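Two complexes follow with chain A in common, the first pairing it with chain B and the second with chain C.
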Partner chain A sequence: MSAFAQQLIYGTSYGMNLAVAAAGLALLFGVYRVINLAHGQLIMFGGYIAYVVTTGLGLHFFVGFAAAMVAMGVAGVILEISVFRILQRRPATDQLLASLGVYMMIGILALRIWGDFEARPINMPGEEGAILLGEDIRIDFARIVTIAITIAVFAVLYFVVYRTHLGRTMRATAQGPETATLMGIRKREVAALVFFIAGALGGAAGAMLGGLFNVRPDMGFQPLLMALIIIIFGGMGSLIGAIIAGLVLGILYNLTVFYVGSKLGDLVPFAVLLIILMVRPQGLFGLPGRRA
Partner chain B sequence: MIESLLPTRSARAIVGWSIVAAILVLLWVLVDNNYYLRLLISAGIAMIGVIPFGLLMGHMGYMAMGQGGFIGVGAYVVGCLTVQRFEIDIWAALPIAIMVVGALAYAFSFALFRLRGYHFSIGTLALGQLLYLAFDSWEWATGGPHGTSGIPRPAIGEFVFATNSRFLIIVSVFVFLAGFTSWWLARGHVGRALNAIRQDEDLAGARGLDVLRYKQLIFTFAAVWAGLAGGLYGSMQISIDPSSFTIWGSFQYVIYVIIGGAGTLLGPVIGVIFITVLDQLIADVGVWNQMILGALIVITVLFFRGGLWGGIRMLWALALKNRSADRSAVSTQAGAAE
Partner chain C sequence: MRGSVKKAFVGAAVAAGLAVGGSAAQAEDVFKFGGVFTLSGPASFLGLFEEAAVRLAVEQFMKGDCIVEAIPAQPCEGGGLKIGDKKIPIEWKAYDDVSEDKKSIDAVTRLVEQDGARAIWGPRMNSAVLSAASILDPQSIISICAICSSPAMTVGRKWGHDITDTGVIEKHAISKFISESPERLKEHGIDPKIFEGRKKTGFIGRNELYTVHGSIGWEEGLKQWGGKYSYSDADKVLFPQGTTDFAPFVAKLAEQKPDIVMMDSYIVPDMLAIMKEMKKQGLDFETGKIVLLGNDVLMLQFLVDLAKKEGINMSSGYVWGWQEHNPAQDPATLARVEKYVKIYNEKYGSTEVGNSSPFDRGAYDAAIWFLYGVQAAGTITDNAAIVKAWRSLKINGLRGPENQFFVRPDTGEVTGQLMATEYIIGVKDDKVFYTGINYRDDLFFGPYVYGDKLPK
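Up next is the complex of A and B:
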């Protein structure tokens, strides 16, 4: 039972991290109708920035976390200006392709800067501490810290999107870009804002994943794939869907790895995806009848 | 161009694709260097998979990002049948591999074609990764992370295509077949259906086109050729392991098509040639070459949507313009229609 509780909490923390990564993608798709494959590399780069600030400069984890968010937010804005603005009215495949090109470029950049596939650790608060359940079951305090951080991140995100003027302009643009423009909303500002938030969420996910596991040049791919599955599972563009789907997937993954085996655990996301595609292609919170 | 020289379109297609295949074989006469020979074979194998994939991605507008998985299935079925578990002749193993890949692709197409646009790409990406995991973990058939080794080269009677120069002949024949069947599909009602699907799927469906059937046909068609390319790849490499069939292989197909020119048959061929040559030219810069490739993709997508082949056609149209205004109008129209 306590082992189950441990796996539940580990799954929750992993799922929450994935949900943060997926929320960025969901926001981009919801407002901007774009899927940014380079998001995976923003996650990776965010992890490296957190690594440099915390392990390299010796600052507190939260400083590195904030630095990763801001830096990746700015990177997101740069992406918007240099690539996605030009691609606005292009077919979906063009945007995927361009972001794939960016994905490759950022990946090599990190590999050149940090050189190798060596795994680099990030010091997280409460790394040493753990809650003991029973005799040999321990829950690392770091897991609980990440859960707390993600809850805080989602609270801020909710506040920004649903309780501020900027959030209202974002939601208006999501509902109808043309109408929003007619109402005096500056599309470019909204786009920059959305790409900033999405990038910052990617950076946050990277810093946390880097803290829980390690920072590696190829650490962005798995979260990207998971995030893509999560936004389909949750319903494209739905924030709440991304959170719930992320949690479900994270917990399912951890439970399967623990009780069945790691190889089957890797298959879980794809099994979920296939079932979702067969049963409910629009996802949990997607509108029924509107197949994307 | 060559309209007046050859009587029918199919004759032109046969001649055209024969030329592509013949160039491959003829290059072998010029290069006796084994390294370049392997490059030629790799390029030929890539063409076998990419030309049909171009129909799916370019003509139909469905960017599948999981072809690497089908390449792997083809390679591993051949590996499993010839050395890993059975000892079947490779000429028998290749058709079985094709059938397995085709059946697999057809089965998955029911789920995948509930998706469009982005979602389809993500779905195929996930499928590619799923197949990769299968290669890595199903040790009975694939040998797991260590892979399969000892895959034989094909033979006809006593004539074994053991050397690379001989193997290139087989590859060239299949390049011709891949090009010709793709052309044959693209030219008739299937090609028109694909164009209709790319332009407005709902409208096409409303006008009575059995959209799903055409989509499944092309998806399976592209997968089957990818599987054959995989089987030949395994035979070329002699030993295979999962690292050859990652998502990167899928991306490469996409890159060939977009750099060469989506929506044309020759575009992917040019893409393969260009990337192969480029890889050699920038091999010295180490990992930076992926950076250059990435930048090239971004620039192509942003500013040169026709790709290389589109650029060539544009220049061709400009050249014709100087000769006769009438002819150039036709060719620019044709270019725009692509």
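Up next is the complex of A and C:
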């Protein structure tokens, strides 16, 4: 039983991190109808920014975390202006391929700067500490920190999207871009805002994932893959769906690795994806019209 | 971009010899060989140094400045391969596979069909090795790799050459070390109590063929050396490439309650992450709760220094591994290494290739050895003769003296597998040290060494 509880804890922590990564993708798709594969590299680069600020400059983790969010938010805006705005009226496949190109470019850039051979640890608060429940259950402080951050991030995100004027403009654009424009909403500003938030969420995920272990150039791929499955599972464009799907996938992944076999962990997300596509293509919280 | 290595195509490194004697060599009088390496992308660190070392070897051969010596002696006079009275220039061409199987195979095909290569270096990836073999072997093209560490390079292959150890042979070595008698350990200043009362072993690594073979070698070795320790290949814990959270995998390992853990990974960030998580989950090699064993990457001073920076103490006396290169070099080897390192670092140190490590030295050894072999064959077109001549040569190389190919005692056949010596290494006061224990001949057993084809 304690082993099961331990895996639930690990799975919750992992799933929360994935949910943050997926929320950025969900937001982009929900408002802008684009799947930005470069998001995986924003996660990775966010990790490096946090590394530079915390380990390199010796500043507190939260400073590094904030820096990662801001830097990747700005990177998101740059991407919007330099790539997606230009390709806005082109087919979705063009945008997808362009984002793949950006993915490769950012990956090579990171390799050139930091190389591949070294691990880059991020100094996290309470890194070595843990709460012990009985003899067998351990909750690392670092995981508590990431779970707490995730909850805070989603609370702020929920507030921005559902309780502010900015959020209303984003939702209005998502529901009907043409109507929103006719109502005086500046589409370009909304797009830049959405890309900023999505990038910032990627940066946040990178700082947290990197904080648990270390930062490396290939760290964006697995979260990207999982995030894509999460947004399909949770419902394209749904923030609530991203949280729940992230948690479910994170926990299922851990339980599978532990109880079924270490080689089978990767099977779970794809099995879930397959089932969802067949049974409920709009995902858990997606609208019927928004199929994957 | 630092350095001069181009991503899509790495150019020829010959020129020096082409004009020897004031006349250009005839096209048919050029020995062409090429390679497929990962020169860009996340795994480029595995290809850049190998390509650089082979390129340097070709240049050195053309200059007549071979640092490695052949046994029996072979001339290295410069100007190319000495075939009879002629000097045959060497043309070297390399392609980047970006760590993708398809690009690997495309490049192999291009080298054979368009570039006319007589021998192919690489590809590295285990999955591509087998595909490349299906192209190269039927055409009698010599296949070489100095970092593949895969039985797939040689087992059941007439033209394949693995100029390094394999994941199987490595595990035979380290499993022999932990099965040594207390007396033998004491002779080398190792406290036998380190292994006393330990029985159960665990295995963790990245999910790839190298590790799969390693696990088999680990199980084979533990049985071969007396069965003092328990392990089943079915218990291995494999994590996927790109893993960002190692907790469930280490938990799976910890659940087995191992006394000894074999960590079969060569990806530094993965290794450090696993070690950190092992400590957290009670698999503590700092206090001796477990003994941690690892490979030649774990035993790099570079890694020990990195681990220390991350608060991981590898000097507890409970961390051991091996290296394929003699760390307590004899004076002659040391002199060769010093000369080579100076040349290599001056050439590549400030580029993206970086400074020399034991790994590029192995590739340099292999390249010079091969060129001596071609020369000894007295032909650049008869690959059967080249293979025969090459395999009959030994070298005093950068890895140590008397490198040779493995000769099957049952058939007398000289195989394409390097008979690598494995040197057992420990860590003390944050410095790696050679224990004085090494193994070679008795590591060569089992179907992954002797088999006529790879077991399924």
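As a convention for this text, the second predicted complex is superposed on the first by the 285 of 292 C-alpha atoms of A that agree within 3 Å, B and C clash if a C-alpha of one lies under 4 Å from a C-alpha of the other, contacts with A are read in each partner's own complex, and residues count from 1 in each chain.
Note that a contact is a pair of C-beta atoms (placed from the backbone, for glycine too) under 8 Å apart; a residue touches a chain by one contact, two chains touch by 3 or more.
As the structure is a computational prediction, the values presented were derived from the model and not from experiment.
A.B. asks: State whether chain B and chain C clash or fit side by side on chain A once the two structures are superposed.
C.D. replies: On the superposed model, which is not a single observed complex, chain B and chain C clash.
A.B. asks: Looking at A:Asp218, would you say it contacts chain B, chain C, both, or neither? Reply first, second, both or neither.
C.D. replies: A:Asp218 sits against chain C, while chain B stays out of touch.
A.B. asks: Using the touch definition from the top, say if A:Pro121 reaches chain B (first), chain C (second), both or neither.
C.D. replies: In the superposed model, A:Pro121 contacts chain C only, not chain B.
A.B. asks: For A:Ile131, decide between first (touching chain B), second (touching chain C), both and neither.
C.D. replies: In the superposed model, A:Ile131 contacts neither chain B nor chain C.
A.B. asks: Could you say whether A:Asn254 touches chain B, chain C, both of them, or neither, answering first, second, both or neither?
C.D. replies: second
A.B. asks: Would you sort A:Gly107 into first (chain B), second (chain C), both or neither based on which partner it touches?
C.D. replies: A:Gly107 contacts both chain B and chain C.
A.B. asks: Should A:Val160 be classified as contacting the first partner (chain B), the second (chain C), both, or neither?
C.D. replies: neither
A.B. asks: For A:Asp266, decide between first (touching chain B), second (touching chain C), both and neither.
C.D. replies: Both: A:Asp266 reaches chain B and chain C.
A.B. asks: Quick check on the superposed pair: does A:Ile232 touch chain B, chain C, both, or neither? Answer first, second, both or neither.
C.D. replies: first
A.B. asks: Can you list the residues of chain A that meet both chain B and chain C?
C.D. replies: Correct list for chain A: 107-108, 111-112, 221, 263, 266.
A.B. asks: Residue numbers of chain B touching chain A in their complex, please.
C.D. replies: Contact set of chain B toward chain A: 57, 61, 63, 65, 111-112, 114-119, 121-123, 125-127, 129-130, 133, 136-137, 247, 251, 254-255, 258, 287-288, 290-291, 293-298, 301-302, 305.
A.B. asks: Quick check on the complex: what are the chain A residues that touch chain C?
C.D. replies: 3, 6-7, 10-11, 13-14, 17, 107-108, 111-112, 115-121, 128, 130, 138, 140, 209, 212-219, 221-223, 253-254, 257-258, 262-263, 265-266
A.B. asks: Tell me, which parts of chain C touch chain A in their complex?
C.D. replies: The touching residues are 1-2, 40-45, 207, 236-249, 251-252, 255, 268-269, 272-273, 276-277, 280-281, 306, 309-311, 352.
A.B. asks: Help me check something: in the complex, which residues belonging to chain A touch chain B?
C.D. replies: 29, 35, 83, 86-87, 91-94, 96-98, 100-105, 107-109, 111-112, 221, 225, 228-229, 232, 236, 263, 266-267, 269-270, 273-274, 277-278, 281, 291-292
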